[in-house]
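One chain, chain A, appears in both complexes that follow, with chain B as partner in the first and chain C in the second.
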Partner chain A sequence: MLEGLYAAMSPTNLFVEILGVLIGIVFGAIPGLTATLGIALFVPVTFLMNPGAGMIMLAGIYAGAIFGGSISAILINVPGTPASIITGWEGYALAREGKAPLALSLAALSSGVGGLFSAVALLFLTPMLSSLALTFGPAEYCALLLFSFTIVTVVLDTPMMRNLLGCFVGLLLVTIGLDPVTGAARFTFGNADLMSGFNLIAVLVGFFCMTEAVFLAFDSLDDSTNNEVISFGKGNSIGELIKTLWTHGITYLRSSTIGLFLGILPAVGPVETPFIAHTIERKFNPKDEKFGKGSITGLIASECSISANVGGSLMPLISLGIPGSGAAAVFIGALTLHGLQPGPLLFKSEPVLIYTFFWGFIAVNLFMMLFGMFGARYFALVLKLPKRVLATFIAVFSILGSYAINNSMFDVGVMFGATVLALWFRALRIPILPIVLAVILGPLLEQQALVLFTTSAGIGEVLGRPIADGFFAISLIIIVFSIVRRLKESRAKPG
Partner chain B sequence: MLYFNLISFFLIICGALVLGLQTPDIAASARVYPLVLMALVLLFSLLIVVKEIADRAATAPLDSRIAEILSAPPPFRIRLFGFVAIWLVYSWLLTLAGFIVATTCAISLSLWLLGIRKVLVGIVTAALFSMVLSILLATVLFIPTPLGPLDKLLIESIYAMQH
Partner chain C sequence: MRERLVMAMRFSAVVGSCLLASALVSQPVNAEPAKPANYPNRPINFLVAYPSGGGMDITARTLAAQMERVTGYQFRVENRGGGGGIIGNTYMATQAKPDGYTVGILANPTMFMNILYQGAHFTKEDIEPIAGITFEPVIWATRTGSEFGKMDFKQILDYAKNNPEKLKMGVIPNASFDIATRIVAKQTDAKFTIVPFPGGKPAIVALLGSNIDISAIYFSEIAQYVKDGSLKALAVADNKPLIEDPQLPTMKALNIKMASSTWGADRFAAVPKGTSKEIKEYLSYLIEKTLADKATHEAFKKVGIEIEPKTMEEQQKTFAESYGEVHAYLKDTGQLKASQ
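On to the complex of A and B.
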């Protein structure tokens, strides 16, 4: 652990920590650019870095972008990332009262506290989770994967049948290429490029980056959508900020815990988390009339939970190889590009690397808090970047990033294919997250399912494993509750 | 909307069937899993189609962003189509003309199409950006790009300067 701390404090790693956070805040501050997009675009830049530095830089972009989203939310009431919608409600109202510096600094402080809370949890809980995962056999893995798919199918607002279809399409797509068990070629149509299947990074760049470039290009066509930035004003009382740590201590703790827990669950990303944390906090503060209209408690709850969610989403990623959010999914692509297989064995094979990453993540959150508290007004300048410029440059980097993975135009084609698929499925209201999860977890599910079916004596043997039973039982309960809830909702609808 | 949905799900079903036709050529142990998934894709696509028809989903809301694009004035849609076309042609032009020329052309055209007012500034910025990025990619980040005559000349000049 100490070796990791020393490595994380090396000049190179400190540099990438700061660089990652700065890039992340800039990305997050620009409406339309998300944390996932930022990470996906910068994966090729980490090719030549050592894996630890590369992962820290991506974590910096992730944490920075999540905070950066609150800058535009507070100053122009347009969330930089979808996660900052609640921050926009509370922060923009505060900014209109002439408290923009307080709102931004408080957002930075809350983000930092939530991020640090999750980073410490990541440092101490992930090794335990990883040790537990080492005892997992095919039955536990199948049950865990089923649980992940259940969560992603049930949590999303879109109709359940479409979520399920998305999962199955994603699982089917990753069967193209060599069979992971026998090595037999499947659905390659004689094309040698298809032998290794679709490159994960190219697919994710198509899903998250090129799609966003198209939307930004469309937005840029309408000149009337220029946003008016609220003047920043003067005054930024650090004392007032620090005081909130005592006066709202329980809010910080509660929201961070909620964010962390929701982050661990697959599919509940930073977008949904602040809504849940905000609603819970509102129940605990019924007398706060400003909730949703400039409440300090609401702002803390939103920002704390979002940043805690970031660390939470990295926990199952590192210990089990299961991403907790779309952005964490891109991390898996980055790890595999560096020749690392996320999962419990990573702790055994690369302990220094993992602890370097954990300590680096703590440092990243500290830098994010400091830059946010003292430099938000300078980051706000990026709000003046025209969308046409953003759309153009995201398109360039999406194509270059896809090409650079294997020096192959085939991957560029895959990226364009993924863009078309994402836009088409979006039109059909089939969400992209189940497909992303299926594309990442598909090979593991096939491998484990095959081992389970060939080695287990029967259903009795599978049911004799308590962890697997637990996951199966929770999945079943979630499915039943979700069906009942949806049936009630459809009956309650008029007509 | 209903027709769009029906055609789309029909295409998904066709896609699954095309893959299904390939399965006899695959080793028996490697084809069970994809066959199960194909059956599930077919089943759920059909279920959604039946539900759409039963619910008369013609009035079902389209995704708001996609609906915004589809309902935009024709000049907007043409320019957006042009934007996509530029980047498709760009990936083809990259291998023919190299990174610097292709990127300069694509960025200039894209900015012009999306409504930049100072076209000349756009072209100069695009050319400068392409050159600087090309040098950065070749000397700092070591990320490969397709090379054209201009790229080769630039890299040879840098190499000559270094030695």
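On to the complex of A and C.
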């Protein structure tokens, strides 16, 4: 273990740690360029390095990109990666209050705390915790997913029927493509491009980035807002940030744990995680009126859970050879090309390498936290740009980013389609979040439900699994409580 | 005593595979054909119809690196993933320029399934194979600690016959895994509950986590779990022994009729129709020369792939035969696309 520490602190490795994090932040901050793409692009570069340095650099890009996405989410309401959607709600609202540097450095701090939490867990608990990945069968996944859907439909302030409608539209969208069992084409109308379904990244870039570019462009037409200069309050001292570690300690701990746990599960990645962590935190803080509209607790919950998820997803990857997310899957390919097969044998055959990587991952998270906390003021300068320039930049990168996924113009079309849909739904006042959640979780739910129905003998077998029962029970309680609450509210209203 | 027997078997397996590998290495390489004028004067692209990091991508990247080492020319890997290979394969067949700068690193029978089952807009004539890289057959594996871990494949089939739909079998649908399993089931009257998975990794997770009993899979994907004792290979869906584990029963040994070298992954290099004969022959020679090199074998072994090179003529023969087998299977089961 100590040998690994020395190796991780060697000048070369320190250099790749910093380089990886910086590349990651840039990739993450640019809308349309995701962590997975960043890793995939830099895999060939790592062939020039020894395996340890290569792995550390990729981990740096992964962690950096996940934080970088929050920078653009907070500053201009454009999540740089799909993982930062929730951070965008809280952070952008704070930025509008003139607290952009606070939101940014807080995001960096919570991201760092979450990352370090998972890195320490990675270092000491990997063999123990990675077996969790195997205890989650189809019944548990289905229960967890139903729980997520329940939360979104019930907890959002918008009318429940509209939330349900959103979920329905999202689930409908993801049925397009090949049926996972029969391979039959569903709603493809003979179009080969539609066979793989709509690309998730293209859809999300359309929903969030291009839509925001349209709004910015509209705003810039209106001369009065163009002169609006966003001023920052006096810089928040680092001391004030550190204080949140005490005042919001439990939030940090809870969200990091949730992120870590969801990261270990092979099918849940950094995109899904903040939704779940954020809603759970909201349940624990019913008095926080600002939740979803600039709440510090919400921001911490989102950022902590995403970064903890990164470390969590590396656990089953290293010890079982099972990727915990899309980016982690690319990681496996990169390791294999280095002649290293991640899995049960790697731990025994290359212990120094593994521990070098684990220590390197801790260092990566430290650097990310420092860059974020001290760079916040400089990142925030973006806000001084005129809105029309920002709108153009975002539009250009949305198009480039969706093209880069598969080098296909079709995905660019999908992105524009999603933009139109998002604008239309906004006009109809149907919330976009249930659609997003359904689009992200729908394919996973279909796959797991399918396995559940083909393998389980009946309802009794499903109810015999305690973890699944727990999720079902919580979902049920939430539904009952919110129905009771809504009934009371409607009675209390006069007339 | 038993341990000794196992040791002896393992030893003979290792010796066997070494002998086989050396036999392959010493294969003579055809004489060098004339180098086409002014070719190649820029990097050659290896087109992969799957995202980076997967088995096909690793094959292509390893080959590209070895080609650069052996030939001195530059090679790049380009990923065009999506739709289970159909997007990249269609691009290769209909849009790639036949100028010798786009070489597809492709896999059958996936591509044939694109044409015959999914109705992709190209035919097998649009693609011309120039060299075979490896054939990896489907195998079946179970968890060592489960009740099936104590049985051999024959006993398991009997169990599945006497206890219909009790045994949960993981497959990737509409691919070799699925079809090879159905062929076995049909001939032996074994009845499985077939559980579909989107890829090898999720199937392995389900197998390790006791959610399924057996999975049709590739040996390379489970090699490390076999080595650490958690999984056990049962049989191979081909008629010749598996290079990595020659003791594994073949279909022939189990009296099950199965097409040779068809149900698995036949990875080969191909160019679009219309590429000049000169360039085809030269490229084919370069690949053959690279694959015959001993260091290339080592490099592929390191990433878990046993290469099994084939010349252009051999690969074209396999291509035509395996097309016939896939066509016949789909026709028999009534799944052939109407236009085929």
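Here, the second predicted complex is superposed on the first by the 267 of 495 C-alpha atoms of A that agree within 3 Å, B and C clash if a C-alpha of one lies under 4 Å from a C-alpha of the other, contacts with A are read in each partner's own complex, and residues count from 1 in each chain.
The criterion applied here is as follows: contacts are C-beta pairs under 8 Å (C-beta built on N, C-alpha and C of every residue); 3 or more make two chains touch, one makes a residue touch a chain.
These figures come from a predicted structure and were not determined experimentally.
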Would you sort A:G4 into first (chain B), second (chain C), both or neither based on which partner it touches? neither
Touch check for A:G206: first (chain B), second (chain C), both, or neither? neither
When the two structures are overlaid on chain A, which partner does A:G339 contact: first (chain B), second (chain C), both, or neither? second
Applying the document's definition of touch, where does A:P270 land relative to chain B and chain C: first, second, both, or neither? neither
Now for A:F189: first (chain B), second (chain C), both, or neither, which partner does it touch? first
Just checking: does A:M161 make contact with chain B only, chain C only, both, or neither of them? Give me first, second, both or neither. first
Is A:G54 touching anything from chain B or chain C once the two structures are fitted on A? First, second, both or neither. neither
Looking at the overlay, does A:V214 come into contact with chain B only (first), chain C only (second), both, or neither? first
Contacts for A:N407 in the overlay, against chain B (first) and chain C (second): which applies, first, second, both or neither? both
Do any residues of chain A touch both chain B and chain C, and if so, which are they? 47, 181-182, 185, 407, 450
List of chain A residues in touch with chain B within their complex: 44-45, 47-48, 161-162, 164-165, 168-169, 171-172, 175, 179, 181-182, 184-187, 189, 210, 213-215, 217-218, 220-223, 388-389, 391-393, 395-396, 399-400, 403-404, 407, 409, 412-413, 416, 423-424, 426-429, 446, 449-450
Spell out the part of chain B that touches chain A in their complex, as residue ranges. 4-5, 8-9, 12, 16, 19, 22, 26-27, 29-31, 33-34, 37-38, 40-41, 44-45, 47-48, 51, 62-63, 65-66, 68-69, 72, 76, 79-80, 83-84, 87-88, 90-91, 94-95, 103, 106-107, 110-111, 114-116, 137, 141-146
Which part of chain A faces chain C closely enough to touch in the complex? 40, 43, 47, 133-138, 177-178, 180-183, 185, 192-193, 195-196, 199, 266-267, 320-323, 329-334, 336-337, 339, 341, 343-346, 406-408, 447, 450-451, 454-455
Show me the residue ranges of chain C that touch chain A in the complex, using the header's touch definition. 51-54, 57-58, 61-62, 65, 80-84, 86-87, 90, 117-118, 120-121, 168, 173-174, 193-198, 201-202, 204-206, 208-212, 223-225, 227-228, 230, 302-304
